[in-house]
Amino acid sequence: MAENKQDLGFGIDTKRKTKRLINPDGSFNVKKKGNHFDIRDTYLALILAPWLNFLIFILVSLIAINMLFTCISILIGTENIIGITAENHLNEFLETLYFSFQTFTTVGYGQLAPTGNLMSTVAALESMTGLVSFAVVTGLIYGRFSRPSTRLLYSNNFLIAPYKEGMSLQFRIANSRMSTLLELDANVNLQITEHINGKYHRNYYPLKLELNKITFFPLNWTIVHKIDDKSPLFNLKESEILNKDLELLILIKGFDDTFGQVVHSRYSYTEDDLVWNAKFKIPYETIENGDVIFNINQIHDFDKLNS
Amino acid sequence: MAENKQDLGFGIDTKRKTKRLINPDGSFNVKKKGNHFDIRDTYLALILAPWLNFLIFILVSLIAINMLFTCISILIGTENIIGITAENHLNEFLETLYFSFQTFTTVGYGQLAPTGNLMSTVAALESMTGLVSFAVVTGLIYGRFSRPSTRLLYSNNFLIAPYKEGMSLQFRIANSRMSTLLELDANVNLQITEHINGKYHRNYYPLKLELNKITFFPLNWTIVHKIDDKSPLFNLKESEILNKDLELLILIKGFDDTFGQVVHSRYSYTEDDLVWNAKFKIPYETIENGDVIFNINQIHDFDKLNS
Amino acid sequence: MAENKQDLGFGIDTKRKTKRLINPDGSFNVKKKGNHFDIRDTYLALILAPWLNFLIFILVSLIAINMLFTCISILIGTENIIGITAENHLNEFLETLYFSFQTFTTVGYGQLAPTGNLMSTVAALESMTGLVSFAVVTGLIYGRFSRPSTRLLYSNNFLIAPYKEGMSLQFRIANSRMSTLLELDANVNLQITEHINGKYHRNYYPLKLELNKITFFPLNWTIVHKIDDKSPLFNLKESEILNKDLELLILIKGFDDTFGQVVHSRYSYTEDDLVWNAKFKIPYETIENGDVIFNINQIHDFDKLNS
Amino acid sequence: MAENKQDLGFGIDTKRKTKRLINPDGSFNVKKKGNHFDIRDTYLALILAPWLNFLIFILVSLIAINMLFTCISILIGTENIIGITAENHLNEFLETLYFSFQTFTTVGYGQLAPTGNLMSTVAALESMTGLVSFAVVTGLIYGRFSRPSTRLLYSNNFLIAPYKEGMSLQFRIANSRMSTLLELDANVNLQITEHINGKYHRNYYPLKLELNKITFFPLNWTIVHKIDDKSPLFNLKESEILNKDLELLILIKGFDDTFGQVVHSRYSYTEDDLVWNAKFKIPYETIENGDVIFNINQIHDFDKLNS
């Protein structure tokens, strides 16, 4: 068997059996410890968080800033806010909070307004804080918008099937977004873990592809590795493959023409995703008017072959 | 005839005759089905929509949010809005709507203003919603601005004409924007569809170009494929070409120096765009002061040659 | 003499003598005609305009929008604006204009405020127009900020000087910005125009460089073309070069690590910039504490050699 | 000894001993003089400044603009500001300043409001200046957010250790951010300064790496230079290396998949960072559930070997 132990960045030896290296969502099964806090990590976390969490965080932060200014205003004395008519402490707090919001958002109806030097100065600072805060929110929202986002759909299974007087390993991808991807480039490696002397040893084999680049990508792309005598899968039977602890590590690189960005997609298959002796169905058809209809959910579909 | 069946991503076999693969605007004749909704697709749609549609969508959305807050305010009771003097339900609704807009946009004249805890809280939330909404609008507008946009002009026709003791296929491009493009790279493939046994079979042939890169691009660029014995067009007569179902698939890649972005342009010609035995006219001239005047609309112009 | 007539994108033959191809500021001496108007060209023009022109355009546009809303408000009737006390048409116009500005900027003091359905609706639209306008201004300002901007300083002259048992052509560049440039790549071509049979014919020769890439760029970079027997300048004397109509066409590509952008710089020298038999002075020195002091203005300095 | 004097951009000869070329934070020990001021350098400085300095600069600038408008308003006459009740010059100035802030931030409570043509016009201009200023602040904040930022952690030391029947030079890196880096590329050069005839002469040697690219980077990456007979370190003893004035110049290039940006990291080691005859410890382990726990602070750890 041809062998090529080039490390892909995941390490070679471990003492225990490890989870798959790449999850189906493209993330790695590594938990990092010891990072030092940095303000840019906050930015990163806010960019990567789901929209709901992001909006809640923003809302809570804005309310917290207003609470702070409310407390400062109460310390200065609410007799310096025109229009406050509260008769008890709770109402005084609430009315001061409304004044704070009206200042912070610069809505400034005027029923509540500052008077006296200290309160006027605090109100001026608060309205500027408000505008800078919304500048930050604008930056965060655009940061979330402009982040590269490809969503490639991978066929549920990879097939091993007859191909040109031999066998091949195949899987398919499609672009599940409206954006236009161009100049795709596929990089597929096979990882096989061996259990020797109580240690788990990973071998990495780059798989040679029939075509590792494609110029346009309006339909699906079937990525084919011909299993010839240089392939690590050469002459293996279905049962032999299923008994191995293997993982297909896939990196697809492309150019998102809609946003002018280089994008990457990661995916992996394990031996559990193998279908032996099957052929993918064509997931698109030309209708009468000459249009091509492509149903991306059909990239998973295959026909079992009689052996 | 030299043959190279490399798939470009459009597929090889179809049962029906298909429309051209690339439209003159660079889009593909593929209708995708089965996409799952994702919030980022909304963003993409808003970025790609024409400006008029975009502005109408924004206006309608902003009005809808205001309507929602108006309804909430009416449920709370308009006696909590200072300055509402309505004598009937319609006027009450309208005055509450104006209050809502004055809060949402933070204009806050003060003739209309909230009072009471519930209304003051809703008004605070509405003014924050307003500012976040305009942060989103700012993000969308900048997203639209910053999207890469090249507009290459392609000559209306491609020519087949004598060239250096032989024949060549030629077409021309020019930059129809003010931006500066550099380091252009042309990738031209010829697709010829054969109708065999009731199936349509596509062959793709990469066309070798005399020059497939150009460093500067202040004028037009004439892209030339010499029809030698390795060309799929070798020894074909005009009538033979016109009888074929063919398409020139063009991808031009370049660097937009004004925005620092890699940009792509797609185009295609079909056999209907062929002009036989003609030569392009020079579309620029040097005037007396030494300036070069380039009329980009003349890149279409050619002279028929006597054969 | 070795010859290589590869067109760089400037064309080969002209009937009249043309100005230099690349100006010292990197622009081309080409005037384009026939462009069709497109909204994105407006964006481009606003991004490329000097700051003063940009700010005047923004100010004039904002005033024009306010004028429009002022006229609409006057048509509706200024009795619908609370607080207008004008006694003549000019004052009525001016007070309505102030109301318009207070609405458009959402400052909304409240001395002037809308009343009645029509005026309240127009005011709501105007305040939204105001916020969208400032969203556009924000987008334009960030577009101007984020545009790639390198400013390489080129030595005033190029030298032809002895170098390793032969002669070489040399010029120098330095980064005149605070940003960090990495991985620079130089592409130098020599253009020599010949006047034959009343036509001007341009020959382009790529110049082979001693080093066409450099990894780091904290100091200056001297770009050296060795004049060997494959060079178009081989065995030419000073007077022969000065009599030619030539231009050195320079494209420097690099990576701006501060902004994460690929950047380009264009420049050209003509025969008038030649200094014969001179050597560049070193423009930096190590001071006592081990720091290197680099005076970028000294990259122009050279010593004449005795011949 | 194999030699390769390719200049990396730092220059070759100096009269005095120079500090290290690259500091541990990636900056260069060069002080540039003679830069001409340009508005874009201000932008650059504001993008590169620490957050605290940035916020103070913004605050001071906004206050300065308000001071200017306050002075203009006082020149026009504060009798044109409704609501000013000041009895002395200081209070008049302060109340006018509050009016200015309420206008600039568009909070516009209305207790203070302009009257008369001149003051109303100035107030309109000030509120527009305010909005444009916050547009600039938004642009600056997003510019700071979107700047590429990688933070690679380098092992404190580089090791020279036995490796495959020979010796090797090794150091390690890890990603200390949450972002995903892909396709890393390492470029390592050794600089050795010789002191000859009162001049300091730098030799640069590119070091050949066992692996100079890595596809994924979830863990650490140990960069290995095998010291064979083509290495400039071949057959050197520990004491010989420690006596040299050398510096390992490192440039790591990668793709930040979270932001879609190409990023670079620079670092250098000097002879003081050498550890002789040691081996790095593995900084990650697989725990029982199959997860890999990677403690990035352990990339510094090594074991001394018995020689």
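For clarity, chains are labelled A, B, C and D in written order, and residue numbers in each chain start from 1.
Heads up, the rule we're going with is that a residue touches a chain if its C-beta (ideal position, glycine included) is under 8 Å from a C-beta of that chain, and two chains touch if they have at least 3 such contacts.
What you see is a predicted model; the values in this text were computed from it and never measured.
Visitor: How far, in degrees, do you have to turn subunit B to put its CA atoms on top of subunit C, rounded to the nearest 5?
Guide: 90
Visitor: When subunit A touches subunit D, do the two copies use mostly the same residue numbers, with over half shared, or different ones?
Guide: different
Visitor: What whole-number Å value describes the gap between the mean CA coordinates of subunit A and subunit B?
Guide: 26
Visitor: In whole angstrom, how far does the Cα centroid of subunit B sit from the Cα centroid of subunit D?
Guide: That pair's centroid distance is 36 Å.
Visitor: Taking each residue of subunit B in turn, which ones touch at least two of the other chains?
Guide: Residues 102, 106-110, 138, 142, 146 of subunit B each touch two or more of the other chains.
Visitor: Please classify the inter-chain touch graph. Allowed labels: line, ring, star, complete, other.
Guide: complete
Visitor: Quick one: which bits of subunit C touch subunit A in the complex? Just the residue numbers, please.
Guide: 106, 108-110, 138
Visitor: In the complex, go through subunit A and note every residue touching subunit B.
Guide: 51, 55, 58-59, 62, 94-95, 97-98, 101-102, 105-111, 134, 137-138, 141-142, 145-146, 149, 151, 176-179, 182, 184, 211, 214-219, 221, 255, 257-260, 282, 284-298
Visitor: Using the touch definition up top, name the residues of subunit B that touch subunit A in the complex.
Guide: 6-11, 14-19, 21-22, 28-36, 38-41, 43-45, 47-48, 82, 102-103, 106-110, 112-115, 117, 120-121, 123-124, 127-128, 130-132, 135-136, 138-140, 142-143, 146-148, 187, 189, 249, 251, 261-264, 266
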